[in-house]
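This is the structure, below, for whatever I ask next.
To keep things simple, chains are lettered A, B, C and D as they appear, and every chain counts its residues starting from 1.
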Amino acid sequence: MSHYYRLVVSCPDQVGIVARVSSFIAQQGGSITEASQHSDLQTGRFFMRYEIQADSLGMSAETLRHAFEPIAAEFTMEWSLVDTQQRRRVVLMVSRESHCLVDLLYRWQAGELDCDIVSVISNHEDMRSIAEWYGIPYHHVPVDPDNKQASFAAVQEHIDKARADCVVLARYMQILPPALCQRYAGQVINIHHSFLPSFAGAKPYHQAFERGVKLIGATCHYVTEELDAGPIIEQDIHRVSHCHTPTDLVRFGRDVEKAVLARGLRWHLEDRVLIHGNKTVVFS
Amino acid sequence: MSHYYRLVVSCPDQVGIVARVSSFIAQQGGSITEASQHSDLQTGRFFMRYEIQADSLGMSAETLRHAFEPIAAEFTMEWSLVDTQQRRRVVLMVSRESHCLVDLLYRWQAGELDCDIVSVISNHEDMRSIAEWYGIPYHHVPVDPDNKQASFAAVQEHIDKARADCVVLARYMQILPPALCQRYAGQVINIHHSFLPSFAGAKPYHQAFERGVKLIGATCHYVTEELDAGPIIEQDIHRVSHCHTPTDLVRFGRDVEKAVLARGLRWHLEDRVLIHGNKTVVFS
Amino acid sequence: MSHYYRLVVSCPDQVGIVARVSSFIAQQGGSITEASQHSDLQTGRFFMRYEIQADSLGMSAETLRHAFEPIAAEFTMEWSLVDTQQRRRVVLMVSRESHCLVDLLYRWQAGELDCDIVSVISNHEDMRSIAEWYGIPYHHVPVDPDNKQASFAAVQEHIDKARADCVVLARYMQILPPALCQRYAGQVINIHHSFLPSFAGAKPYHQAFERGVKLIGATCHYVTEELDAGPIIEQDIHRVSHCHTPTDLVRFGRDVEKAVLARGLRWHLEDRVLIHGNKTVVFS
Amino acid sequence: MSHYYRLVVSCPDQVGIVARVSSFIAQQGGSITEASQHSDLQTGRFFMRYEIQADSLGMSAETLRHAFEPIAAEFTMEWSLVDTQQRRRVVLMVSRESHCLVDLLYRWQAGELDCDIVSVISNHEDMRSIAEWYGIPYHHVPVDPDNKQASFAAVQEHIDKARADCVVLARYMQILPPALCQRYAGQVINIHHSFLPSFAGAKPYHQAFERGVKLIGATCHYVTEELDAGPIIEQDIHRVSHCHTPTDLVRFGRDVEKAVLARGLRWHLEDRVLIHGNKTVVFS
């Protein structure tokens, strides 16, 4: 993997932002390999993402951050400068359905996901064997329906101890408590097994079957306190017909879920997803 | 166009239906060019559609219908025998947005829709010129918000006089009254400019934009008394991103709507769509 | 899994085939859960596939076969009657790229592929660990470039000993010798990493990149003596742009290859694919 | 329509291009509403496209061009500055198949194509009526197989007199002579009715049918002297099966062709397509 710094910015739009930022990078000798901008004309907000070859700059990310601070302040930026050598620490959470977990582990091993998967947390034991085959520590944290508070305290402790930058709900069929959603706001990614906002809630494929839709879908989104309503990162669909039973829909759904979650996570890890209110800008 | 009889059947499933029907056709010397069946295992209902070369039978549709009646009675069939030389009579209804109307007229002239388009009814004058260029009579029936009853009485009179077999709401932005929905049950096809059941109701593309979805869609369905809730015939989607404004979504939507409505109507005209409760079996 | 008999037939088209076959099934009390037919009007050949509930018949597949023979003879049928309790025996062949193998093993374990995977044969050792995690015997048969004959003799011996009904080239980067292609005609399935007939041969993603195409694809086909020219079972594509490097194309390609091979193999195992000259009829 | 200047640049990549260009724009007070860049790491070439609100600049395009010249020279740029109030002049060429022509005329009238369609040239009379309904002058220039030179001299004269910026071969079934290809290099857009490079040449849908492919496609590309081998702008596909006849493939093909040509032309007219050797960068 090459070594990059990624500068990700959002701020109120005005004339001269790109000029100011790109001149700053050029003055340091920075070679930009990928640049994306977006001006939201309705809200007047500006978004940008630069990928800069680290060795063209001859300074650490820390030094670059320090040098950039005045510009950030001038334009009231929300910003981050990511050093790709600091690999993200990702925790995967799963219940009993394996397809998303197995897919992510495979892609991670194949080098498609630039991160460290530091642990798998599950309310069941089922996935221990495959997680451990991939060399990932597995934490079984049962969710006690009568004392969810204690269970999620244990979950939070695991995530904190793992120093996770990102939590992926890879078909973790529990609802995270509001406190956890807030603590890791913008860092928790969920895969919802329907084409939101259709069929939010439980058993969406059965709902879809009952309604007789001709397409089913899946949605990757950030988790917020409001169930299934967080900013959408990615969606996709699969065609179905009268021939297909709810079991077929579930099977097709697995493929869509895997694909959508993997794309959403990859984009998140590459700092391509900028949250904007309840929506996202995705520089894919 | 070749000359076919189409036998379309739905009935409670039991052993021997196909044997009985296909033996009957074979005894008459009928050459089946296309055959489709479906057994709905949940409801125990059986569906079939046969396309038979008319000249292999040497009898009129009327004679064939008469001969088939005992079989239909034996299996408690809902059925029809369509003679493709009796072209369907279709009425198109439209408001001010032209894309679906123009697309259907073009496809009809190109021979993609096997029907007679007998008239266009609109609550505006805008589409008169293009309809008349295609040689179709145009009826302007304004909808008086204070007396919708009279307006829709006029609409119904037009449809009745046109002896329409099928009414297509090609972006007709008025809600049909329940009486009209019932009178032409299973014969009125609508295009809804969203991926139902998401964003039912008004301004779906703006709803979709606000929610930040990554796909927009369109739905072709039969009209029932309950708004936007009738049996779905076909759906499709178009990918969108943060770059796209509501205007772009509307533009993409036009393309999806045209495609979905044209497919849905074609299948309906070819007797490929069988209504089953609030769902459809589509032998496409 | 329910127990079915699958009757798969192809023969010269004529009036009365369906009547004859369906009457035969009905006389035995057979309950048909899925029926598909196709008449190829250009070649005059007829294809059908029936899925019959085994316990509705009260006889063994062998008895049913015997009873059906006169009908088969009468219509000069090529046919088979498959008992779904006789699970297919599948051998997977792989080189060093793991994505298709891992995907098939996962789907097999998840119950999506109704077969026994009896062994993995590879010219490398790389995939041994994952194959054995799934409990599948692994045979390392190196291909000696100076003595391919001996290598493929060993491959053939393995396949014969495994009593394989089906061989899947899951990115097995060697060309099978003509004798092997003939011996297992219609039983060897390959995934080709391009949208055939474009970019047949080596390094298709690099060819695609050089040509500047906007879509890349993959093709699942039966292996014949003529390289990359056998009957196509399934194809699909992935969108690409100028942003994507050959490495990205390879990565996207992996996803398309996995999906297309899995669908093709599933349809083959469900007897949904009928070979017709150099083309296929797929009752999917 | 808002008034924009579009600055489109390609040049050898080096540090500081974006800084230099964006600073220049900012110094003039220019408000950038859309910005796209691409660095081709293999060829070391850089591409950019800026959309700038004209009234934020307070100078004419001509003045801006003059002011930009030193920067362009410094970085050895190929560049253009387009004033969106100077609408492109487009000539459509067609033979006897109407679908692409009718689709483009409709989209143009609906405001989807920001250009003036100044004339339709055809080797047949068939499309005169619809072209004239849209108010476009129609030139019938028969192609004499024994004197193509004279025919294409007449075509060229028409294009020259129309002061066309862009020529669209909307299913114009003649091969343009090399001289014409050169004269309008990068300005002639063709729709090829197959998924190039598969099935180049005549009757591609019949070729596709014979090969038994499961997807058919269409390709929009710039015309070069080498037939069907110019830079690809856009491609798309439609799924087909054994059920479909060559006639069906042609029908599906019409829909793909229309969609692909309309997208390609729109992007060309919005200066989103940059030619790079035999490939394109498309800032869509």
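By definition in this document, a residue touches a chain if its C-beta (ideal position, glycine included) is under 8 Å from a C-beta of that chain, and two chains touch if they have at least 3 such contacts.
Molecules present, by chain and UniProt name: A, B, C, D = Formyltetrahydrofolate deformylase.
Quantities reported herein were computed from a predicted structural model and do not represent experimental measurements.
Q: Could you work out which pair in A-D, C-D or A-C copies the interface of B-C, where over half of the contact pairs coincide by residue number?
A: A-D
Q: Rotation angle for the CA superposition of subunit C on subunit D, to the nearest 5°?
A: Resulting rotation angle: about 180 degrees.
Q: Tell me, please, which chain's centre (mean of its C-alpha atoms) is farthest from the centre of subunit D?
A: The most distant chain relative to subunit D turns out to be C.
Q: Would you kindly tell me how far, in whole Å, the mean C-alpha position of subunit B lies from that of subunit A?
A: Spacing between the chain centres: roughly 42 Å.
Q: Counting only Cα atoms for the centres, state how far subunit B is from subunit D in Å.
A: Averaging C-alpha atoms per chain gives centres 36 Å apart.
Q: By the touch rule stated above, which residues of subunit A touch at least two different other chains?
A: 41
Q: Using the touch rule from the top, collect the residues of subunit B that touch subunit D in their complex.
A: Result: residues 98-99, 102, 106, 110, 112, 133, 251, 254-255, 259 of subunit B touch subunit D.
Q: Would you mind writing out the residues of subunit C in touch with subunit B in their complex?
A: Residues in contact with subunit B: 15-16, 18-20, 22-23, 25-27, 29-37, 39, 41, 56.
Q: Sort out for me which residues of subunit B touch subunit A in the complex.
A: 38, 40-42, 195-199, 211-215, 217, 231-237, 241-243, 245, 276, 278-282, 284
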